[in-house]
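Quick notes on the structure that follows.
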């Protein structure tokens, strides 16, 4: 999205309820700033993230999608993030294979205690996606203004 | 150079954030050149933090730091005082313009009592 | 009859000063109708993978938008006014298919979207010189060596020959030099010779009519014919005469776009209603497609079959089930 | 070839099975249709096994194995992998199927023959390594190898993984078949080149669903792309996004389950090399999580429903494979 | 059905209102399709705020509620109760987090407001697709498991047991007691650790409701809150617990004398068969298989011969106990970090450089020197002692130490210094500190007494290096206040080593699926409001496994933890989470993908008959056990047909949120 001639990416962050969503809350508690372009969707576990949701986000105009979950081994549901890790690895690889910029998607493990990491991750991700510019390769023009 | 620019220059070239210092003094405790420095490592960090760069630049002590990196090695907060000192030296050298010391001049200046570390450090200081 | 050296096709198309669509090979080597521009070459292949119907009845088109602003809805209709355009190189079968589509879309109630495009089109057909074994246009009385259209074209070794069939066509080729018909006649004779040898060219369709409707409908062999059908839409989508569409909506976030898109009677959700699916199994869907083409359509349209024998479904069906096999299984004695 | 037909007759005559799943003759030599035969007469008249029996019969067994009585199915190596995968997913009632393994020397493709410039082919005969084609325009010859279906040129295995009886010799896996060569080639391209490649390929998609409907792994009761209540229905490939979306998700849904039978590419009326998507997933899972062949056995956990604690991170994509910068 | 949605925007005082224009948010969201009422209020969570919501629900016949406020982690439960009291299903509520994830991170009001509107829109989009949900119920096993038998575990177990519930303590060491048993005196009262701890150990042993599994480890835990199932490995002691009387004769006669005594931190030796200390509970001998000649070489058998009770059993094997529990308490404690990486302090070069815990043993009457302070190197009486604070604590460097303050060092160092000076007035005692942190009750007074009454030299500054030379320890340090570098020849140096969580905690956390922080301390469910619960329901935290603590704090947390456990065990049934997986049987094809990824084994399959156009057909379809499903959603993605969905986080709901956010 262009705001006053400046590109502001749309970022969808899927956060698992137990670690990363709480980590995002902690970032808030500690007043750690990160760009407002990041909007968080709460999911119970990183393994709830269906690849269809990621593609849907891109279709609807997202420029970057990030999944945050508990660190491997710390999943609230024991093994959810291990499955998420494989699914996302393969999906990202496929997107890359189709020539879609590989930096538009990311997975980061953020625990409930890592408010600072959450903010830093979001800052970095927004910066990366801003550099890439608007998502053109996986866009649905019908959904663009 | 303006004051703020100097502070930024020192912070940038050292890559050190002096605010991380918790003032434990372990750097000073560990410094082998303690006696030769009018501003001891922990003070040095504090002065950078307070922006007293020009005062440090005029200090003789900065040339007495051996760059042994003991303070860097032992600092529990990863503050790296020696790198700040190096950055201040650089700031001084940059102001001197092209007044470089040539490597071949160094042997004449050498004193048998000078520690090896200081020679290495001298190269670092003057080849810039 | 007008004549144009092959080498001058580009300058001729350019001189027309309107959009021209012609079959051209895409990078994968398949022919498809492509908007002509400098460098777009006419294909050497017999026919395009998809028929020319796309140009009048595109696979998807928006009909109307419902724009949602807060709690209000604004309705925006899509009525694109077309400019005149030329479809160049339509084979006899596809040209005949236009007439079938016309019967559907131009009869009352007229489909405005289709009519708009149809009215603005000039059709330049291209006679066949090398039919494939899958061709059976002759079964429907189509002469591939002398197709219809506003203008008919023949392509020989080095030249195109054009004959105008309508006033619009006349104007289109008015600027070209006259040419001798003998080359065309020679080619026609040769083509007709091949056409007479087409393996399915004499497909016997007797009995496929309204009078035998229930007999055909209740034939027990639909089961074995439909057994292997995958229920995909390949045959319908490559077919030049299939004209069914679905109307669906897409929510872009602030606008509901109502669009229509090709549908296939082979799909399990075809004509699905709130009460359910009127043709619940693949057998019924399969039967529908062929009954429509061979019985219902001619019964309602002066005996005109809903097939032009282009052979695309014979080539493309993943399991090689097609209208010829159906006609031969359920149809007339003459198929032997 | 006659041996196969003989076996079909024998099985039916002996009462061992009540039906036979095989291929039925067509109008031409190449347009064979999968068919269920119930009488010896039908078999004698129409059963055929030839180099044009490309269609994978396994998927039909989902429905056929649930019917009364036992059915004999003739499965080629490729088909047998699909069969085992379907068994693994509890889609086929095993006891109702009598599997006859048939060896295959690679199936021919009429489109490959036509791509050699042969038009109007009406009949064909094999003479050594050559296919002699009778056409409307006289006789033409094509090397047998050139007539092979694309997928058969990089055949991964001639092994029939499961059978009740076997006609001919069982073959073996061919780890050097080079089936990933094209994938590697694509990986080595830049992201821009890959994007251009796939745009050009996928833009031809007409969403006829042939790839999905033929796929033995796509055996869902209802596909997500047909599901109106789920909000994922997608009937027309309205634009490049929907083309990408459909094919990415379809490939993802069959990842770890796709046996690489190649039917998707065979049936695509637009010749989109869809198998290259599935092979990408297979290549990735092999490289990242260890070799895995769907349908090779009934026990091994497919890579997407498995994990190890030290699996690579998704960031591996940023640094791995072709230098897509 | 079109929902009638109410939107409630909370100011949270100025917490939200300062950077989000709440009025505009309410106004904008009020225009959204389906929204029939929108308002803002200062504190939605207050009594009057909740009443406002309730009256709006009734007045406007709302069918869905969106509250734009703080994180759902904070008040989701509160607001669910609120809407439920007004007659709405509690799951017809969605919360837009506009505080933690919006107002608190954005400084610009325009930015904050815009984002709050988007987040509100997403919540509205989601609530449109919400369906009333009803939670299932599961019974509660009225028994608790306490992992770790230190003072924290003992206290928690005693409190629970006294409330009448059975408790099992699993302790990996041969005796309960933990680190506190190794301490000499305790600050700030200077009462002896053993004197206050051992009676509690005995109580635990005698309490009828407590079963102590010492020398045991938790092998596996399955299940969920109220219904855990644990497998406990009882390691072979080679001594029959039912026969051993704890007379200790074997521990005197065992010929294997050179086993480093871990209770005294290796500063003296014990036998291969041993009882860690006199007051051990249970007081049962244990044979150390690594050193026992009989077990290693098959020769010896002395202990067996002299044991009157016939308790020695060289053939003993590990055994397993399996038990159901309603709640699990983690009390795995801490240990001092290794000093290996701190070469500058010469810990590995000189035995006279000791850690504080070692110093505790050197001062303890039951320790290796029987309570006389002697230099470990030569047994002489040290004259000059240097205490170094914060060794490895507050370190943000490359992984040598820990970034946190270990909390207890300031106080125990003051205690050590004070005790030294008291017992040996001829000593010079220096404490090098960065800050002295003494915020507890009577703590600062205690520290000041050390400095003022006992003449301990407190020097602000750190020790830079220690070099052992000529029997002395050359200490080089800084005195920041005098701006000097000090050189002290010390006889002994005592390092206040940072503490770290028990190394087994990480694997336990994985087993319990309980989150940990980067330092391997267990994370509490909320740092302020739920300090003794873990984020995993039914798992509670007691003592230093959650973070550094001194004894009084540990004990109070242990009791708080017990109270929470009792609260849980008191319930007969637990209302479950209704947000669980649900298969659409019409779409399920029974492929088993979902079952393979379910961590709880909640999915089974059944052959069911379905009416189709071709008659009745039997298909294999997935079934979810609602009592076992925890709602992670792994199955929903494994399912290719989308037949498996998650209530409360359905495919359509999440996609609606995506759409609303990207709009």
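Points to keep in mind about this one:
When the chains are written out, they are named A, B, C, D and E in that same order, and each has its own residue count from 1.
The rule we apply is simple: a contact is a pair of C-beta atoms (placed from the backbone, for glycine too) under 8 Å apart; a residue touches a chain by one contact, two chains touch by 3 or more.
All of these numbers come straight from a predicted model, not from anything done at the bench.
Touch-path distance (fewest steps) from chain A to chain B is 2.
When the partners of chain A are compared with those of chain D, the chains appearing in both lists are C, E. The greatest centre-to-centre gap from chain B, using C-alpha centroids, is found for C. Pairwise, the chains sharing the most contacting C-beta pairs are A-E.
Chain A has the C-alpha centroid lying closest to the overall centroid of all protein C-alpha atoms shown. In whole angstrom, the spacing between the mean C-alpha positions of chain B and chain C is 83. One inter-chain figure worth recording: chain B and chain E are separated by 44 Å, centre to centre, where each centre is the mean of the chain's CA atoms.
The distance from the centre of chain D to the centre of chain E, each centre being the mean of the chain's C-alpha atoms, comes to 53 Å.
The distance from the centre of chain C to the centre of chain D, each centre being the mean of the chain's C-alpha atoms, comes to 30 Å.
Each of residues 597, 638, 651, 655, 659, 662-663 in chain E touches at least two other chains. In chain D, the residues that touch at least two other chains are 224, 232, 238, 304-306. In chain B, no residue reaches two or more other chains under the touch definition.
Interfaces, counted as pairs of touching chains, are A-C, A-D, A-E, B-E, C-D, C-E, D-E. For chain B in complex with chain E, the residues that touch the partner chain are 20, 22-31, 34-35, 40, 42-43, 70, 74-78. Across the complex, chain C meets chain D through its residues 26-30, 32, 46, 49-50, 59-60, 130-133, 194, 197-200, 224, 227-228, 230-234, 236-238, 246, 248, 250, 259, 261-264, 267-269, 314-316, 318-322, 324-325, 328. Note for the complex: chain E touches chain B at residues 344, 390, 394-398, 400-401, 434, 460-465, 476-480, 483, 485-486. Taken together, the chain C residues at the contact with chain A in this complex read 250, 252-253, 257. For chain E in complex with chain C, the touching residues are 31-33, 612-614, 659, 662-663.
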